Amino acid sequence: MRFKKITEQIVQAIFTVSGALTSIVILLIVVFLFKEGFGLFSSPSVEKGSALCVNAGNNIENLSVTEIKQIFDSEIENWEEVGGVDAPIRIFRFDEIFNLYSESDFGEDYELLPQKLGEVIKEDPNIIAYLPEKYVPIGMQSVKILPPENIGVADFFGGTQWMPTATPAPLLGVLPLLLGTLMVSFFAILFALPLGLGVAIYLSELASERTRKIMKPTIELLAGIPSVVYGFFGLVVLVPLIQSTFDLPVGETAFAGSLILAIMALPTIITVAEDAMRNTPRAMREASVALGATQWQTIYKVIIPYAMSGISAAVVLGIGRAIGETMAVLMVTGNAAVMPTSLFESVRTIPATIAAELGESPAGGAHYQALFMLGCILFLITLIISITAEVISKNKPNKAI
Amino acid sequence: MNKRLSQRIAFIVFKSLSILVVGILIWILGFIVYNGISVISWEFLTTSPTEGMTSGGIFPAIVGTVYLVIGSIIFAFPLGVMSAIYTSEYASTGWIVRFMRVMTNNLASIPSIVFGLFGMALFVNTLEFGDSILAGSLTLGLLVLPLVIRTTEEALNAIPTSMRTGSLALGASKLQTIRRVVLPMAFPNILTGLILSIGRVSGETAPILFTVAAYFLPKLPDSIFDQVMALPYHLYVVATSGTDIEASRPIAYGTALVLIAIVFVMNMLATLLRNYFNKKIKSN
Amino acid sequence: MIETKDINFYYGDYHALKDISIKMDANSVTAFIGPSGCGKSTFLRLFNRMNDLIDNTTLTGSCLIEGRNIYDKSYHIDDLRRKVGMVFQKPNPFPKSIFENVAYGLRVNSMGDKKFIAQRVEESLIDAALWDEVKDKLKKSALELSGGQQQRLCIARALAVSPSIIMMDEPASALDPISTSKIEELIHELKKEYTIVIVTHNMQQAARLSDRTGFFMMGELVEFSDTKKMFLNPEKKQTQNYITGRFG
């Protein structure tokens, strides 16, 4: 008898732990994502394993990430623009040393290379050199190594350029991706909402039982089609269609992304909204009809207001679905991680960026950490959306509506 | 009458919208079936890709997907059912259960790419499984866990309380009640959840991008620490990169068709199962 | 005023109403009594065609209000429902304000402008003996009222569109005794202006309120006569058995 009791308690303990599983997983996700992501802000802005050197006589103490990029892109050409003296900036990239000296000058194992680099720097007060860390001349009086700036929070969240592979300093501004995500999702919901609501009303109030039996599995099928198949369809059908219809250079646009996302968000909106409407009590419908209201009047005056919390939850969940979609969007919106200016240009969303770039970013580097940071942002957005939907759908229509 | 007219207009609009949505589905499905059906053949399904993915078949991708489905189900199904049993049978009310339910809902709404990121960080890197079937299965298992939990909970809740009280009144313990009364009755609907999970796992790309998927493998995997090819990833790669996209198009259509077929068959199975057993319950 | 000839009604194959022929005068109160499931409510719902909302039903026979066949295609169903008001067993106010509840019927039938609507709302609430209790809180939610108040609100709502006939399906069965007597007083008053048909399982209530009473059993109208006569000297044995409490 006792043996049975002990077994029962053990089993119950196992069940309890299982119940806690999802909470544990979420905790783990938060830990892993945020640990890696926030490491970004303690990472140096100049690519690991490299350093920037200037002549010791240069009064510049440090340079911001944007300034570094602009210098090396020749957008800034004078030291005065970054707070130095009025003199042209001379960019020196590591490879150039091999044009100035011959191989033998560097010694057998390149042990003389730093020294040679130091000499080059010493000779030109306006030079800025981008060198691999192991060849940086240390301890030479005429050479000043610029201290690596950490990537700032403002640079990341407010930066308008996303060029993770730029040298010497990668540009990791999240705004283009954030705006791309928001733009594509916004228009997706704009298209999907009226369509989804209309179908929900039809299914809930107008369709015969036979029609419902056909349409409900149809919607479920639509919901089950994998994201990559939607992306494929979008790529092969929608993109060329858009390109020819709107006379664009390429069809891969935010518009294509919005269309595909709208289709993907439809089933969510339809099923949740229809459910909410069907749950309107019969007494309410009868009261309305008994007063002479038509069915349509009953729908928009009584049923929709009553089901509004459920309908809002449907929209919110649809938004969440749209924001989190990866493959379909990746395949149809083009590859341009730039600030979006129009619906008919290529954009990049946050999930697509992670998918496209994670494979190529060296583990532990700034780019890698930035991608995890993007993951954190995505996680937070969808968490907020999920909680919002829960809260909204709990609101019963108790007050006057 | 004005209100009668506006009703008629409104109803026509709604009916048209519904036809539109059905039309979209038919368009998408029809397009893929039309272009893909000619590609499907016994060779296609049983041979490896050749000539840079421009001919041959998708056999290794099918095998890979099968492994991943099995792996993820092994992980997610027992744990998910047990978790649902806990929240449904043991702790019925109180803030703990509500908290757990909220967490499950949150997990369900996390985008698949975040799972991929997490899976890479935890399984591939920290636990050092590397890009492997193990890492991929675990990641996919986490993705599909909320689905299993939700469907199992619904299945359990559908069983009337009177069944449980009847059993307890005869002197059975809670565990015995669950094992002998509740689970057998709920089993068909739980099975439905399993079938839907299979469909879901087969089609997911983002979680496997960085945990297991490979573009091309010369031989089939022989341990769980190997990489595999997988159908959704294969479709992605063949459609967007590779040496000759145009020539690989037919392969892409074929892969897409196989994927859709899997989802369609799983959905149909689940629906049939549901209907059959619900009829049985009703006739009882 | 209201007349039916040989009404037969089926839910699918189930014969719910059998050969009912009845005449009800204007400005009277008619009560239908009988055991549960005998068809009283179904019969009531014929007169504002609420049964149309249910699938798979069949109706034969004629149903006339003020001489016109209400099931005729030319008779607009919304007009009918405006003319024939209904109060349900369980109060079912909309989750809107008290004002908006009463105004609902006026709005959906496009009856009058803002001033007219406000006026009708006040008049209806007065007629329903609720005005004094709610006149200061018209904007508050109707769901905050008590059960009895909600039912009177539903009556006011039905009155607002100026029907000529009011159908009441067990209007007080979900209420406490005090609210019930208030409702019964109301019905006495309303009789002066409206034709009222009320279904009740409370025989004493029928005896108190109605001029004529009909006794239904298993879909048949067993007896229909003056209330006093029905209760003191019923013609049919079944009626007698029911009234003396032998069954039902």
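In order of appearance the chains are A, B and C, and numbering begins at 1 in each one.
Everything below uses one rule, namely that a residue touches a chain if its C-beta (ideal position, glycine included) is under 8 Å from a C-beta of that chain, and two chains touch if they have at least 3 such contacts.
Keep in mind that this is a model prediction, so the values were computed, not measured.
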Chain ID, smallest distance between chain and overall C-alpha centroids: B
Chain located farthest away, centre of chain C as origin (C-alpha): A
Distance from chain C to chain B - Cα centre to Cα centre, in angstrom: 54
Inter-chain centre distance, chain A versus chain B - centres from mean C-alpha coordinates, in Å: 24
Length of the line joining the C-alpha centres of chain A and chain C, rounded to whole Å: 61
Where chain B touches two or more other chains at once, by residue number: 3-4
Sites on chain A at which at least two other chains make contact: 294, 297
Sequence positions of chain C contacting 2 or more other chains: 78, 108
Residues of chain A that touch chain C when the two form their complex: 281, 283-284, 286-294, 297, 301-302, 305-306, 397-401
Complex interface listing, chain B residues touching chain C: 1-4
Contact set on chain C toward chain A in their complex: 48, 50, 53, 78-79, 81-82, 85-86, 88, 90, 92-97, 100, 104-105, 107-109, 139-143, 154, 157-158, 161
Complex contacts: residues of chain B adjacent to chain A: 3-4, 6-7, 10-11, 13-15, 17-18, 20-22, 24-25, 28-29, 31-32, 79, 82-83, 85-87, 89-91, 97, 99-100, 102-114, 116-118, 120-122, 125-126, 142, 145-146, 149, 173-175, 196, 199-200, 202-206, 209-210, 232-233, 235-236, 239-240, 249, 252, 256, 259-260, 263-264, 266-267, 271
Contact set on chain C toward chain B in their complex: 76, 78, 108, 110
